[in-house]
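Below: the structure, in structure tokens.
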């Protein structure tokens, strides 16, 4: 190659690559870290109402996920990508769907399942078929059924968190609203949690027993809304999941038809967390908008089926896991509309 | 297939190089379904061993009488007969173990490995060779089942053959039904990996 | 104010980055010592030289022609002496046959006389267009006279002028429209006569309000019975300048896959092409000059230059005071679809619209990672294709199966690769797939 | 044609051979199977009564099997019990039928060997023969009355009730005052680690020694098992301590298994239902036997 | 002609399914069902005598199998329009049992008797759904794994395979049921079930093969290849064995076969859709192929745990 003639040119090689030469400033890492950031407010609220234990569990979960990611990538001779935040996100999400009172040993095991088996065996981020965090949870639920279904803590009065530090009083264990509803009936539920608008608001704000990150609907919705605003997710999946949960619960949830309580169905359990942060996982969900709506409705329907008729009080985790493998089928059905068909085709 | 096969060759083929579970990947259903304890593995292994040996010998004995057109029906009949026999025997004398294995004893009748040995080996070879081949295959199946069963029993309930070895239960997960898939999958991968490493070492030496 | 139109599906909105040059008037660059004119400047068969080494040529004289097949003649941009008939560096191919002319700076400038085109027949006009060596300036260089003679069974009812200029940085068309609005509109009228249509719409993106204004006035001045030229403001969205997207944006019609715009009764021409047609028909001046945007943070003095075809990039760099040390990438064409070059010896062709000197903070050099199936590329693709699937299949050595995802409909606009958060070179994957997949 | 004949012939022969093998295997094993099943059942029964290989049941202990049938005759229904008669009676068994209000309807001696009575089919035929035509009988259940030196010491009841997954089959023992002596889970498909814990001693022993009065109203509480009680239930304490604690918690409801409230509730309700029904029926049967002076072996 | 036959068959079977419901209701009683744990709701054709309907002493209620155990009523609440009554019981009801309700003096007759049971149709459906999802033959019963792993690489193959399996399973289950019910049980030949069932499966396969070849060669060409694989497969033989164990009646058998076949089809389809994605994935070399398929199946099995304990009806 000839040297540049001009004197004014510094001598160096120009980058030669394929078009386009400008790219948007969105990166995978940016997306992941933003989602993680959106999950921080609910976590802090959780620390506030359940105690530091939740923070420790989340930290253990994150650290073990990152560690497993590092080890897996080293072992499989792949580039280490722990800085892209995906393992951190998996760690946070997995911690969010386990009860606050479990041993810190659990998330370590869950991380192996979530990161190594459910993700890296498939080829790493982008190739997994099932949502790693939820697979980790399903594994923990199968392995430690008692801890995972009973280590719930009652939310403490806002200021008790400080006395927790002072006195080290153990938190009070309790049952989740959905479990009470399922196992002890609606009467007991009303006795424990009350009813009406104050119930909805306290549940929506997060003052209820539940998994570490699922209780505060408000903060989760705010986080989700921020992601929608940033265009990282679209409204399709959250709206269709929550909408179908509400509608199906309304139709089938009560005695007879149309007697269920749609608002309660949305604000209890992990519906909001699942709808905004789990079901919207890029890798395991469909890519087309129509497909996403169908996927969301499927998740909502399965959630309601499991909640009302199934063996578990909450069903959204399994519902998402069951819909995960269908996402490619759904994408196959709802391919994006081509700009125009071939010549001679219908215009 | 040559006619001259030493007994050890016939045996090792079934147990190692053509292990029905890890190598041929046949008869996977029980390997996943009821491999939660070593005992289950041994029991079903015995049943399969029995059926395999008796069927092989029977077919080998009557190979000249069996008309090629009704070859497959004859195999099926033979296998079904011996399965019925072992089913009745187990039900009568080992009701506890039999109950644990449930429907899988009867399902030996549909094991691909048995029919395959009959078709590939017993219908052509001498009775004694067929016998040893069947013994190898039956043992191979049993070994596979026992290995998986030992793994799951040890890590699932901390026991081996019902004796408490660890004193605590490490991971309930392994005795759960769905773990069967994971354990078999991981073991297969493990054996593949060993093979690759072994070959590499061999290659490095040569 | 008319409502802003745009195409329906996909598209992205990269930073426009036109501020550097949008307000700079077109500046005629002095002719350098030497020009290298590449013989194949249009789609079709390359020209064969009609001159020999050491021949003297005058500005505007034909130096190459296409004897067989699709093509237009090539003209000498300057008076001078044929120095060599050899090869030159080329942005897409490594090298290409070319004619080198040593410029005769002493030669008297050629004078072109204005003629009245309205008296000419459509056939004569078309011949003038061909003789003028006019090709599609905005696009790949398709011979314009071919485009202006649509198949007989096609009923053309509209002419669209493409003033969208959707690629970032480029302002050449913008300046042309501002400074030569009348020529553009007149060129449009010539085309309308050739096609025998009475409707013409000029699509201009709304980030060029001054151009919309000036063009609107120019169009209104000539519009009347049997000639209706209007300016249609468009939403700012890439790739609006693509023919099919522009047609949909303005007319709402969809051109079927593998079909030409004439299938839906439309012919699209670039505004710069219209201007060139005006020159060729009214003055008989062939296409040998070109407005090129020189921009990017890596060049000392950005400009909109009127350069002779055949001017080498290095001459332009010298003229503009050299490049900055931060320069990382040189692109011929727009940042979305242009080609990165490794040498400055490349000459300008009829289709060169810009040369960008980009620094590292303008380009993205992040290494790409695996697809995370976010589906953004599906949303961005203006053709409704599935770039992620194409790429994943190519990576898994299954490029043959990609036809189902519409790989052949792709015109490589780069929207998908622009938007991809994993920074995947999706266009490159598509090109690979096109090579391997069978229709 | 010849070929077809050959094939047919050979197939027939092989079928016959196979049938021969299977048939003989069946005949040989069938008896052993029945014997072993019976032995297994007896083992469960004795273990519930507190006997084991180390501590075998004394000679004086006898098991008396009572079979209950639902008898239908011309739109009317009766509850019939096949009860063993004393050794000196004319027929070894008596079929006693009660009407739905627990009043005597009819009784017939059944003359059949004990081995025959064990076989469901033979038993049915024997009863039908004894009670005469026009009646249909459906087997309902089998219960065992245990006597020691002629004194009733326990009742053993089998039962099957819905569980969380499928059915839970149990065998339970009641003393003559219907105090629950204990129960054994025979069959279940509950979730490992959750509902499957109903097999564990600390759950089963909670039911031990619940008096009938408590049993009738027994419910499940969703509260953690007190540590001392758990130790007592698992037998980790010395006997006096255990007895004290068992006494302390005797009147309590059942502490549900953690994470398996539903399974616990099913077991509790199931046992409660079986015991209540049995107590009612045995009361009716006893009063009829007494009233009609029908001699039975227990 | 064929379609007409089919329609007749469907109508007939629907009639058979629904008939019990019609016959059971006495004229005045238009509806009776369990509502909740300890409640039975009875609806009448017209307004009932509120004094009778609201008097708990007029009712005699027992489980069909236990006619001597009367269930204690806590209250009988007559609706305002007197067209229905809600019977509340002291203890929770065992709703799996058929309950017999008699009301004295409600109508002209002395005693009105009718039965309350969960809809039989629902029971049938629950058998099918159980075999389809809750006890999915592949993911929770581990049957048919060889074929499952062998033929789940392409969606089209998976669909064809699943359909053929379902077909064979339904036909062979029907034949096995008849054989079992009318030959093996009456003649005490239960121990021959393995031989008989496998023979019937082979026969079915042969018959389907022959008929399909004659009737619909196109279909045969697309399905024929799978037929060979069906014979020696445990999932097919498992259906008759299960029905023999559980003493199912014919309709229940059909539902089980349909559910099992459908479940197999579902599993194959799910697995094949995933397999198409797996082919593009960067799986570590030692996991390529079967090991990965097992891991995926394990994950499916874990996801299917979500259905555990599901009771739709």
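In order of appearance the chains are A, B, C, D and E, and numbering begins at 1 in each one.
Please note the rule applied: a residue touches a chain if its C-beta (ideal position, glycine included) is under 8 Å from a C-beta of that chain, and two chains touch if they have at least 3 such contacts.
As the structure is a computational prediction, the values presented were derived from the model and not from experiment.
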item: Shared interface partners, meaning chains that touch chain B and chain C; value: A, E
item: Contact distance in steps, from chain A to chain D; value: 1
item: Chain nearest the overall C-alpha centroid of the shown protein atoms; value: A
item: Two chains joined by the most C-beta pairs in contact, as defined above; value: A-C
item: Inter-centroid spacing, chain D versus chain B (mean Cα positions, whole Å); value: 38
item: Chain centre separation (chain A, chain E; CA means) in Å; value: 35
item: Chain centre separation (chain B, chain E; CA means) in Å; value: 33
item: Chain centre separation (chain A, chain C; CA means) in Å; value: 47
item: Sites on chain C at which at least two other chains make contact; value: 370
item: Residues within chain A bordering two or more other chains; value: 117, 123-124, 127, 139, 142-145, 311
item: Multi-partner residues of chain D (at least 2 other chains); value: 18, 22, 25-26, 164-165, 191, 193
item: Every chain pair meeting the contact rule; value: A-B, A-C, A-D, A-E, B-D, B-E, C-E, D-E
item: For the chain A and chain C complex, residues of the former touching the latter; value: 1-2, 4-10, 12-28, 30-31, 81, 84, 123-127, 282-283, 285-288, 335-345, 347
item: Chain B-touching residues of chain D, taken from the complex the two chains share; value: 3, 6-7, 10-11, 14-15, 18, 21-22, 25-26, 29-30, 32-33, 36-37, 40, 192-193
item: List of chain A residues in touch with chain B within their complex; value: 109, 117, 139, 142-145
item: Chain E partner contacts - residues on chain C that touch it in the complex; value: 370, 392-393, 395-396, 398
item: Chain E to chain B touching residues, read off their complex; value: 139-146, 149, 191-195, 198-199, 202, 231-234, 236-238, 241-242, 245, 284-287, 290-295, 297-298, 301-302, 304-305
